[in-house]
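What follows is a single structure, written as structure tokens, with notes after it.
Letters are used for the chains, namely A, B, C, D and E, taken in the order the chains are written, and counting of residues starts over at 1 for each.
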Amino acid sequence: MNTIIISAIFGVLMMFSSISVKRVSAYKYIAAFGLILLLIMNIAETYGFQLFHVNTRDMLRFDRFGLFFNSIAIAATLIYILLSGRDVEAVGKNTCDLFVLIFFVMCGIGIMSSFNSLLMLFLGIEIISIPLYILTGSDKKNLKSNEAALKYFLMGSFSTGIMLMGIALLFGATGGFALDRPATMFGPLPVNVMEVIGLAFILVAMAFKVSAAPFHFWTPDVYDGAPSVFTSFMATIVKAAIFIGFIKLFEAKAPDLGQGWHIVIALMIVATLFIGNITAIFQQSVKRMLAYSSIAQAGFMMFALFSQNDTSKEGIILYSLAYSLSTIGIFAILIKMKDVTFEGFNGLARTQPVLAATNAVFLLSLVGIPLTAGFWAKYYMLASVVKMESALWLVIVAVIFAAVSVYYYFRVIQAMYFKEGEAALATEVKPGFRFGLILLAAAIIVIGVMPNLLLNWLYF
Amino acid sequence: MNNLILLVPLLPFIGFLVNGLFRKSLSKTMTGVIGSGVILAAFAISIYLFLQVRSGGAIPTSVYFDFINIDKLNVQFAFQVDQLSSLFLLIITGIGFLIHLYSTAYMHEEKPEHFARYFAYLNLFVFSMLLLVMGANFVIMFIGWEGVGLCSYLLIGFWFKNTNYNYAAKKAFVMNRIGDLGFLLAIFWIIAKLGTSNYADVFASVKSFTPAELTGITMLLFVGAMGKSAQIPLYTWLPDAMAGPTPVSALIHAATMVTAGIYMIARSNIMYTIAPFTSHFVAIIGLATAIFAATIALKQNDIKKVLAYSTVSQLGYMFLGLGVGAYTGAVFHVMTHAFFKALLFLGAGSVIHAMHHEQDIRNMGGLKKYMPITHITFLLGCLAIAGVPPFSGFFSKDEILVGAYNENPLYYYIGLAGALMTAFYMFRLYALTFLGKFRGTHEQQHHLHESPSAITFPLIVLAILSVFGGLLGIPALFAENAHSLEKWLDPIFAGSHEYTTAHHLEHSTEWMMMGVSTLLIVVIIVFAWRSFSRKERFEENKGFGKVLENKWYVDELYDNIIVKPLNGLAGFFKDVFEKNIVDGAVNGVGRLVQYSSRQVRLLQNGQVGSYILVMVLSLIVIVLLFREQTVIVSALRKIF
Amino acid sequence: MPIHYYIILAATLFCIGVIGVLTRRNAIIVFMCVELMLNAVNLMLVAFSKLHYGTYLKNGAMGASGIDGQMFVFFIMVVAAAEVSVGLAIIVMMYRNVHSVDINFLNRLKN
Amino acid sequence: MSLVEIIFWFLSGLALISAIMVLLSKNPVHSVLWLIAVFFAISGHYILLNAQFLAIVNLIVYAGAIMVLFLFVIMLMNQNAETEPRSKSTWIKLAGAIAGGCLLIVVVAAVRDSENLIQNIGGKAYAKTAVTTHGEIGLIENLGRVLFTQYVVPFEISSVLFLSAMVGAVVIGKKD
Amino acid sequence: MIPVLLILIPLISGLISFFIKDVKAAKGWALLSSLVTFAISVAGIWIYNQPANLHYDAAWLPALGSRFTIGLDGMGQILCLLNAVAMPIIFVSTYRNMYQNPGAFYALMLLTQAGMMGVFLAYDCLLFYFFWELALIPAYFLCSQWGGEKRIAVTFKFFIYTFVGSLLMLIGILYLYYKTPDESFALKAFYNVVLTGNEQSFMFWLFFIAFAIKMPIFPFHTWQPDTYEQAPTAATMVLSGVMVKMGIFAVLRWLVPVFPAATEQFSQLIIILSIIGMLYASLIAIRQDDIKRLIAYSSIAHIGLMSAAIFAQEKTGLQGVMIQMFNHGINVIGLWIVADAIESKLGTRKFSQLGGLAQKAPVLAILFVVMALANVALPLTNAFVGEFLMFNGLFRYNIWMSAVAGISIILAAVYSLNMIQKIFFGETNALTEQATEARSNVQWMLAILAVVIIVLGVYPQPMLRLTEDTVNTILAAVK
């Protein structure tokens, strides 16, 4: 609850701070301060400290898993703000408002990790989506940004419609919005077809939000068109948050779907991995490649939906963290590049060794090479399915696509290290930025080597 | 005693190391002294060992260390000096020393470092050969076996600038390796059966082999012998090996290395004796080789080639002897052959040396007056090899032929034909080289001279041995119990005697055979002498002669049925299979991915309408999936 | 009224909305069709709420009294209003830049 | 056929026809007007279902505020039948229509199966009709009480949603 | 403590080396580090060889049931020794080679060494997997950055190939992990895991493909010649000298004892595959025109024999494999050193452009002949012992298979002698006319290798003793 309330309040406060604070570069520090506050409060809540005592009437339910995820998301956002905050300023004149929108999204993330009612899920998703439409279109003069915003908005609201239809059908079948299965006076309510259809609709809408194939079409276009800073945010923290919601929802509801659930999810995983990885290969722009890669990574994250056991819950947190940190790092570098095609990276290792080295670490982490956090992420995802012992074929398919992913991630490494060229930066890079990147890379490696620093906390 | 025995192979090895490592700093004289000296020393020790054996029987096996010892397989580094190996020791070190001595003069034109390299190789060869004969088990024998192959390779390709020589060297090595594989498999078989390859253990437990196993093992061993001792079908390397320096040909390709196969079979005679199939096979191969090589030798014009084919032919005789159970005869022939063939080769070397590396006998002639010592010794050698009594070759060959007659008279007749051919081509060679008029250039004539004493001394020694060597094995026909070699080797072949019933020929038959063969040989010699001593012109060979001159086209045959197809297959693998199929599959996957990438991205056409259309269609599918899940689950179960 | 009448009616309206989204190219109309879909959902929710209310009436003690459905409709309207404000702002922004509301007019982003 | 049924069929027909006309109208303004008609019909249904508060809100918020907003935007952009973009091929239209139709068939078919299920769950306890005679829960009084007790958290949170929409609209709409 | 040092020293010195800018300092540092590692590994075999010194165990990932367990057994000792001895030799023999950014080059070399050490030492499967990958990454960078013209594509193929394999292995590891009674990655737990027949066969292949790619076994070998050809020779030496042994090692440690039934079931198939690979690679080697490619194919042939001998599951064969892993490493490094010396001197590796070098560089020629003869497995060279034992094992398994495999002995002679002949013999040409004797560092390293080759060829028994326990353990697990 702390997160939801403080992020909303701080958002409002920050909105008004733009009246008194005129210096554009100060906003990111304010935002960072807010996030630190948020982080502290959230951690405090993990240990039982409630700032506000709100009776949520069981609409929200705070558990370790959600709170832990909040901490991760907030920390990642903090890193994101510290690394890319300067680039937010470059997007438009309403810098402060953009930060405010990020805070509102944080509020939505808080809801996604704790909802216990379909209504809260719906509100949470909308509270995340609406600021994102804006952020996508925030580069107003840029036609790509416009196009992305329009596509995102139209498809997003369409998927909202689908989701609401599902919720309505579900309501019709069960008579309530709570995640817990309602008990009737005649014993537990049996599953009926209407409920299953409703869940199918919700599944589709959620799959759309996490860009699982074949509902992924918006992702490349939107991520490509949006200003890179916000792509970074959307593709990482927000997506992870929606995944958490997805998992929470279907942790409760998947049993109602029977075997069909595993079939559908497995097919979606395969399709997602296929589309994401295969299409990424063709790309010429690193940014668009990252968009497809985020689809591919979503395919891996969906393993958590497939297996739904302790390992997968721990794993999804780890995956969110590893994937978010790496992608944020890559985007932070990408934003600085003059040319975001693969050729633009040629020879970066010579002109900017620090950027190149850290970028390599991030990419290796995305590939899932041991010694990086990304390895443990993939490890957990694979382990969670292997544990089921019934779907090894799916794991093998995933592994093969993971190998395909090497192709496009390593293209960047090849360009940076092995190809001749003069990679140019669009803007000066400050020592602080370099330092931040190094810290981030170090964090990824530390988690990679000593994951127990994190694993000790992961038990739900 | 152990150390003394160890010293025999070690001395040549030290010579090899010294000559090899310090080849740049040593003078030629020093090199020669070291190279020959170590062999002489080894020879001296060999004599001592021989005497020891003579006085006290076989010296107990000297074990030095465990070469390989795991509980299923125990191979000791051990030497065994008994009657057979001590005899070979004498031949190897004795003739080896003479040839070393000879080489100091023969190779004197080489640069010091190459000179030293040459001696290093020679020493290494002697070392390997000693390992071969001294080893107390098959593995040590195999080590020496391959070692001599290596030295042969190195020495054939001694003049490494010449590509053809290199090819010859390679051919020798590879063909030897084919045989070695057989040998190796035989060793594995023995080890797999017994866990050891010590001669003593193996021969003691020979009865534990089934007949099939024994046949298999002996056949495989014989494959090894075929390679090393240049028997059909693996003989073609030996004539080509003449590319090496002539002393090398004398040492390796006449006197010692090529007899390794005979040594091996003689050593394991017990196994052959109780494997009759293999014995017959050995005899037939030996006989075929003897006659086949002899026919080729009839028409060769290169002095060394004639000798080379003669060697192949003589080796065939030895295998004939082994095959028919005349083990003593075979070993006897090894010895006498070592004497006279070394003599002939060295004589030929002397000629070549004098002729400035001219080897074509058509360009020689009349050397008698220029090189008297060479001439006399060569003539003695020819008489010995032709089997004219009482030269050494007569006795040894006769013993083999008698053995063959015992086995099957047909063998005898064919063998006799071979002997006649031997006489013919040897005296053709002799006549063309030494008799008549000189047919070479004036410059060559101008330089003709007798060779230095370092060359002639070995010739004289070997000539004496060739003449009198036969006395070691005087057949019972002439004097009872005069066959000292048979008595000497009796412990080695005692095991075999248990299985064979010695049937002696009637003395009258034997007298007649001997008389007829001697007569025929003399006739042939006279005929050859007459027809070639005044020959001035050489016509192109036609018809059958041409086939013989071209060695029955065997090289070409091998080239066409083995080398070329293999090369073609390799080329096919390299250029087609590897590139297109194995690698092609890998790259094909890559290309498939790229291709599908290009196709799949077309789905992403940028139109919201179609995106949503796909979404709706997928929604329909998912709803159907959930509704019909029972049907679909069972269908999917079947697939996965 | 039998509940499936309402279900079918709402589903039909919903699908008409979907068809509109699929066939029209004017961004505003597409958006309107989305609103139509939302309204279909609203109708269905209200109908269901009365269905569950009926169950409540019959059994007296059922957990679901049906009021949740109508509450949800209220929130849907709230969200729809918010969405409309943002959506129209985006459409207007696009119109300002390209003077068109054709959703297929902008297709720089593809492949 | 009772009065309720007559009204139901009338309203349903109106809603469907209007909805189809939304799609078919060439002129965007007409589409808006047809959509308003749909909303009115749906409001009628709400009243029929005794959801009076929602009926009113629907009229005020949807038909009144939102659709007027649409209308303003359309007029602002000077949209009419001539400027209406046309699909290049009828295939897309056909595909869209078929897809939508299939969806309808699938959903209806699925739900029709459940008709019996709803009826039979737990004996005869479940109703299978929407009650049109009693209307307590649709009253503003009841709804309000629930909204500010049970639903206070979502209510507050929807304020954040509004705020973000507002900020967003300003960010997007403001001229740089 | 010994195993920890074996990993830590190259790891830490490697990381430090990244920051060394000076060429000489980088070289010196790398050499020093590798010598220390060498000394420690020697000490681990002959001085501190009490079990207490050879094992180390620490908590690593308690949450996952994985421990940092490392230790040296006989096989580990031999391979660590190989790994430790290879590096100084490589560093010295390529001392004169100039690399762009030398600090990074040597850093990556040392990191590769650390990774391989870890593979040979790990007693915990997850740890093993970790090091398995860790060895790959620096090698990838080495080959891609300092390699030949087509290095990027070729190395990439290598990477993807091995990566696919190791990911498949990861699946297998995880599956087994969940099958162990107390969810542990420990070697012992894996040895005791109970699987049904189908599970065994399935998991067997998951593991085997990873190892087969690394070894490599026909038909998974195509990355190898290309990579060897394109990689900088120092890296090639590491790859072929040590890294391919990872595959064989892994089969011996993690495959055969873990899946005895499946090993039994598929051994014939794999042996046949290996033998086909031997002959196939040997034949291709005959037709090669490039030193590096020839050595690469020859290496495939030799590895095929090792693989066949492993699956024959005979004690003699396994003993042969153990010792041959070391011997092959030594021999092939020697061959690469010569190849590198020639290439750096003359700028070509094509036989068609070489010839007559023996006149110009007799020492190099002699040493190369020694290496080549070891490659042919001539008696009294180290390889003979290994091949003798391996063929022996294979023979005990099946006579015909060993006979067919034996053909490779003949083919090996053909291509090895071809190589000697085409490089060193014959007349010199315009290019080789300018050649000179190899530098003294190259000569010395080759001489050391030659001595090792001969010594181990004459007296292999200590090495055999060292690995006997390991072999018995493996066989005990299989039976």
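The rule we apply is simple: a residue touches a chain if its C-beta (ideal position, glycine included) is under 8 Å from a C-beta of that chain, and two chains touch if they have at least 3 such contacts.
What you see is a predicted model; the values in this text were computed from it and never measured.
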Report summary line: Any chain touching chain B and chain E at once appears in the list A
**Report entry** Required minimum of steps from chain C to chain D, each step between chains that touch
**Finding:** 1
Report task. Name the most central chain, where centre means the mean of Cα atoms. Result -> E
Query raised in the report: Which chain is most remote from chain B in terms of Cα centres?
Result: D
Requested in this report: Mind checking the centre-to-centre distance between chain B and chain D? Centres are C-alpha means, answer in whole Å.
Outcome: 101
Query - Separation of mean Cα positions, chain C and chain B [Å, integer] - result: 96
Report summary line: Between the Cα centroids of chain A and chain D the separation in whole angstrom comes to 32
Report summary line: Chain centres from averaged Cα atoms put chain C and chain E apart, in whole Å, by 66
**Report entry** chain B, residues touching no fewer than two other chains
**Finding:** 601, 604, 606, 608-609, 612-613, 616, 619, 623, 627
Requested in this report: Would you pick out the residues of chain A that each touch at least 2 other chains?
Outcome: 119, 123, 126, 130, 133-134, 137, 140-141, 149-151, 154, 158, 169, 172, 184-185, 193, 196-197, 220-221, 282, 407
Report summary line: Residues of chain C that touch two or more other chains sit at 3, 7, 14, 17-18, 21-23, 25, 30-31, 48-49, 51-52, 55, 59, 62, 66, 71, 75, 79, 82-83, 86, 90-91, 93, 103-104, 107-111
Query - Each pair of chains that touches, named by its two labels - result: A-B, A-C, A-D, A-E, B-C, B-D, B-E, C-D
Query raised in the report: Mind pulling up the chain E residues that touch chain A in the complex?
Result: 60-64, 129-130, 133-134, 137, 141, 144-145, 151-152, 156, 159-160, 163-164, 167-168, 170-171, 174-175, 177-178, 202
Report task. Using the touch definition up top, name the residues of chain B that touch chain C in the complex. Result -> 601-602, 604-609, 612-613, 616
Report task. Give every residue of chain A touching chain E within the complex, in rising order. Result -> 364, 369-371, 375, 379, 382-383, 386-387, 389, 392, 395-396, 399-400, 402-403, 406-407, 410, 414, 417-419, 451-452, 455-456, 458
**Report entry** Interface residues, chain C side, partner chain B - complex
**Finding:** 18, 21-23, 25, 30, 103-104, 107-111
Query raised in the report: Any idea which chain A residues touch chain D in the complex?
Result: 4, 8, 11-12, 15, 54, 56-57, 59-60, 92-94, 97-98, 100-101, 104, 107, 111, 119-120, 123, 126-127, 130-131, 133-134, 137-138, 140-141, 149, 169, 172-173, 184-187, 189-190, 192-194, 196-197
